[in-house]
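Here's the structure, in structure tokens; my notes come after.
A, B, C and D are the chain letters, set down in written order, and residue numbers restart from 1 in every chain.
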Amino acid sequence: MPRQQPQPRLLASWSILVYAFLYLPIAVLIAISFNDSPILSLPFKGFTPRWYQQSFADQALQAALVNSLKVAGSATLLATFLGLLAAFAIYRHQFFGRNTFRIALNLPILLPGIVTGVAMLAYFSDLGWDLSLWTVILGHTVFGIPVACGPILTRLAQFPRSLEEAAYDLGAKPAEVFRDVLFPYLWSALISAALLAFTLSFDEVVVTIFLTGRENTLPMEIWGRLRTNITPEIAAVATLISLVSGVLVGLSQGTQMNADGRR
Amino acid sequence: MKETSIVYLDSVSKVYPTAQGEFFAARQVTLDVQAGEFFSILGSSGSGKTTTLRMIGGFEVPEYGQVWIGGEEVTELPPYQRNVHTVFQSYALFPHMTVAQNIAYPLTIAKFPRSEIQPRITEALKMFRIEGLGDRYPAQLSGGQQQRVALARALISRPKVLLLDEPLSALDAKIREEVRQELRDLQHQLNLTFIYVTHDQEEALALSDRIAVMHQGKVEQVGAPKDIYDRPASKFVAQFIGKANFLSGTVLSLAEGRAQVQIQGQVIEAAIANHTPQLQETVTLMIRPENIKLKDSASVPSENQIQNSIQNHIQGQITGMIYVGQTQEIQYQTPLGQLTVTQLGNAIAQPENTLSWNIEDCIIIQPE
Amino acid sequence: MPRQQPQPRLLASWSILVYAFLYLPIAVLIAISFNDSPILSLPFKGFTPRWYQQSFADQALQAALVNSLKVAGSATLLATFLGLLAAFAIYRHQFFGRNTFRIALNLPILLPGIVTGVAMLAYFSDLGWDLSLWTVILGHTVFGIPVACGPILTRLAQFPRSLEEAAYDLGAKPAEVFRDVLFPYLWSALISAALLAFTLSFDEVVVTIFLTGRENTLPMEIWGRLRTNITPEIAAVATLISLVSGVLVGLSQGTQMNADGRR
Amino acid sequence: MKETSIVYLDSVSKVYPTAQGEFFAARQVTLDVQAGEFFSILGSSGSGKTTTLRMIGGFEVPEYGQVWIGGEEVTELPPYQRNVHTVFQSYALFPHMTVAQNIAYPLTIAKFPRSEIQPRITEALKMFRIEGLGDRYPAQLSGGQQQRVALARALISRPKVLLLDEPLSALDAKIREEVRQELRDLQHQLNLTFIYVTHDQEEALALSDRIAVMHQGKVEQVGAPKDIYDRPASKFVAQFIGKANFLSGTVLSLAEGRAQVQIQGQVIEAAIANHTPQLQETVTLMIRPENIKLKDSASVPSENQIQNSIQNHIQGQITGMIYVGQTQEIQYQTPLGQLTVTQLGNAIAQPENTLSWNIEDCIIIQPE
């Protein structure tokens, strides 16, 4: 009989508590979204898919979803491209100012959304731009850049410089080195970055409130309704959003880890 | 020189700014490598050997001096405009390309037609005995196989010169010796010029036509392996390549390649190699431990052979012994000081002995 | 004359553009906060410290600041402690489920604040708890845990296991190993984690709106005023908040990098 | 055995579950170490040597078997309840404590009074020649100094046994030999028991009283250095420790420690070491390249000495030569097959030669 190895039980139970604490509210939300009761509360009175059916049929929610996808899609493309540039700049500046650049990049993401919102509103009105989905896209791009830059920079930092040098050595010019060596290497990080930026943009409320014109995004629509009539329909939509966010973030982290493993 | 050597470095220096001022990673390095040579650059880490190789490859541009390849000045040309290829220490195979795609890369990038690439890949795979591996990815290969792919890729476009940056250091000790022989055969067969960077003196001695020993950014000595081992230019070279006994004494007289040196009241004769001393100069003598022979006290030379000085033999007492398998290192206390003697195999020293050596094996070197 | 090394100019100019894009709104905000004009806009009509003086004298802002500090302080302590536990759990589970744990931990931070807010509101009302600063603190702790866990986990991953083993080997029991070896090693990461969690909590609006009772936090107070009277005083307060956030995040990252360098 | 040995491993196995089933990092390892011994565990990476050391230290609990230290079973005791200390490969000095605090740690944690700790620290700093460094932090020390601190820390509470996990591998080649000698002296001086893990056969041979050679989780051979080098138990051991010529043949006759073996139609005599063969068995012979002597063809033994068989000398033709400084490796083509001969220093072989060896140096080993 092989001897049993000791297990860290105390730590395991503690950490289960922490995770339970994190996830309980979400569990309650999901329960409410299937609850056959017209008020946003437990106890559970029976299972119903009614709130989901109702939300799928809702015209205003559909329009808001389309707007959300437009904004998130465009902001993601911009943020990923600019994030790639920023990551390169940080990576190349091996010596002077590398850390300064990195911190400078992360500041905007940690500024209160309310500050970013006020600042951009003032800025756009100075430029004389009308508020529209375009101004929202620009606003989302501002906090999307640092988010997108993160995974790209992480992967870039692991990039073996010798691969690049080998390509140069074998006759490739700078653009060809990027196409043949760097881009295939960064591909998974770009996907991961884009997924993250998309999720954040899709969920954002505060900046959006300041920068949008007449069009509502999905979280804004929910926000608006919460003040008037709080129904379990909201819980259903919130559950769906959580699901999409969860899947996207999971995919993003999975892509990163796969790439790490393969390397 | 510049025009006829295949690679010529003309007093090249690479400088990095540091908080303490300038740091010379390479300082006035001058080397000339002839076509068909197996030329090694030997040094410990930080000696500047890799920096030197990178300046030849075009990955670093020197602050001073010039780099010539094949009779042309290429100092500031980027790597993709130089007809030399590098085999990197990590092999640097492209992980997302198959073995065949990796090897074909130099041809693909030079826009060779597909019909011309295919037969050359087949030929290369065969030549490096990796026929079955064309469709694998680098991560699926062993270290030795990866090394072959890296070599095949570097040689497919037939460069004038191959630069090798410690190509064996990632391999197991047992495979290393096998691959070492293969490398040497390859270089002979294809009549290539190899510039080979290593920190392993045994590797350099076994493989090279000539070796440049580097230390703290400077070239300490250039020469054939036997030259460098038997007649090192400095104490550093003597210590770095193999083991050595050092003695310090004063020059009494000089005559046709020989000097009489007084050490601890004893006079011994020494050969003059790369460093010619002055009378009364304090010099360092070097004797390799394997060049000291042991004789029984009984068989010492007769009185008239010894005359006034001890010349090249001395009495010693054993103070220690280290067994290292193939050889045995015996420490002797002698009137000249501590001397280490290396013996092969199972030879056993008598408790008291006479140590002797050929005068040519006791040479005067630069005291660092 | 030493030969000059080539510089990557194109990349440098591109990256300067990216940073300019990120920081322009903040620059405009700062300019407005010193602008001698009663509307929230440029052009610059002259320098005045008036808006700052006005905001310092504002009683409501002072009360909101005190609330913000209470919430952020308590949430930070809770989040850092629980984040440390979670980081340990992930670190110790060398084999099975390590990545799953890590992803599970990061999900809540990326859920829309609006979803977290609705979920916790429903949860608390089910529990029959009154809304107060305490419910806000719990809400902030939920997204503070993953944020705090990040730097701790990063540092822990670099922890040379042999240090721990050496301490055991020399006679230290588990608690002593933690006190003498692990804690001193993690100290900088804990500071860094706490600073991050504090900043996020201090700036948060969306979750706070759902979970607060009568008391306002500082961003909530600004939020409320933006709907009624937009004055440059808001710009002054926003600038101050940005400054504090910037300093805290900078400190946090600086602490981390110092520790990395010293290691 | 268990009760009298200072460390005794009784058929210990360490198993890890993998996707392919169970992986035995150590398989039925039985070792006994006597008090005062310098005992080395030698093996390449993945051989299980470090796993074995970690089971003695208490960092791993074996799935099967028992660990005894000082006559007591400690298999499942945690490290802090075992009277053995480890010197880690990375030294594992606490970075936030000064040198003095590091060295004092075992005493501090055992709650010794301050007044007793101070003199012992002073003494330890002096003994390891790091007097001036007590207030420095580990990051401010050189590799050699860090190693001394690690040793001082491990020895301050006077453990019965010191476990050393490749303690020299992080040092420069030149310092390594110096420290090696110091380690050996320390062990003698304090009459300590050392269990020393290394992958470097030269280190193990030079330092150890006894060596255990490990391979793929199993102990291949335990013995004194000369024993293991001269009479390896298996082909693996012969290859791992030094270089060897291998010949394969059939046993014709056996007599008192000797065997007649037929190889390629030739008959040679061989000594029986650890493996006793059967008649007609196909066996592997080993001759160390430095044990083959070279003679001029002129001085071959007379006809009546040779009789019918060649016994222990043979004609050969040089096919290659590798110069490695201290020694020269010469490849010969002989009727028995390829043989490598190692010669010391500047000795030069004649183009054709007779190779001969002592019959005791040609031994029969297990064919892996």
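Quick note on the criterion: a residue touches a chain if its C-beta (ideal position, glycine included) is under 8 Å from a C-beta of that chain, and two chains touch if they have at least 3 such contacts.
What you are looking at is a predicted structure, and each value in this text was computed from that prediction instead of being measured.
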Field: Comparison of A-D and C-D (more C-beta pairs in contact)
entry: C-D
Message: Rounded to a whole Å, what is the gap between the Cα centroids of chain A and chain D?
response: 56
Query: Measuring from the mean C-alpha position of chain A to the mean C-alpha position of chain C, what distance in angstrom results?
result: 17
- prompt: Roughly how far is chain B from chain D, going centre to centre by Cα mean, in whole Å?
  reply: 28
- prompt: Which parts of chain C, given as residue numbers and ranges, touch two or more other chains?
  reply: none
Message: Touching at least two other chains at once: which residues of chain D meet that condition?
response: none
Chain contact graph, described as a line, ring, star, complete graph or other shape: complete
- prompt: Quick one: in the complex, what on chain C touches chain B?
  reply: 2-3, 5-6
Statement: Touching chain A in the complex, chain B uses residues 57-59, 78-80, 85-86, 88-90, 92-96, 105-106, 109-110, 139, 153-154, 157
Chain C - residues contacting chain D, complex: 160, 162-163, 165-173, 176, 180-181, 184-185, 262-263
Field: Residue ranges of chain D in contact with chain B within the complex
entry: 44, 172, 174, 201-202, 205-206, 225-226, 229-230, 239, 241-243, 288, 290-291, 322-327, 342-346, 361
- request: Would you tell me which residues of chain C are touching chain A in their complex?
  value: 8, 11-12, 14-15, 18-19, 21-26, 28-29, 32, 40-43, 82, 85-86, 88-89, 92, 99, 101-108, 110-116, 118-120, 122-123, 125-126, 142, 145-146, 196, 199-200, 202-206, 219, 222-223, 226, 234-235, 238, 241-242, 245-246, 249-250, 253-254, 257
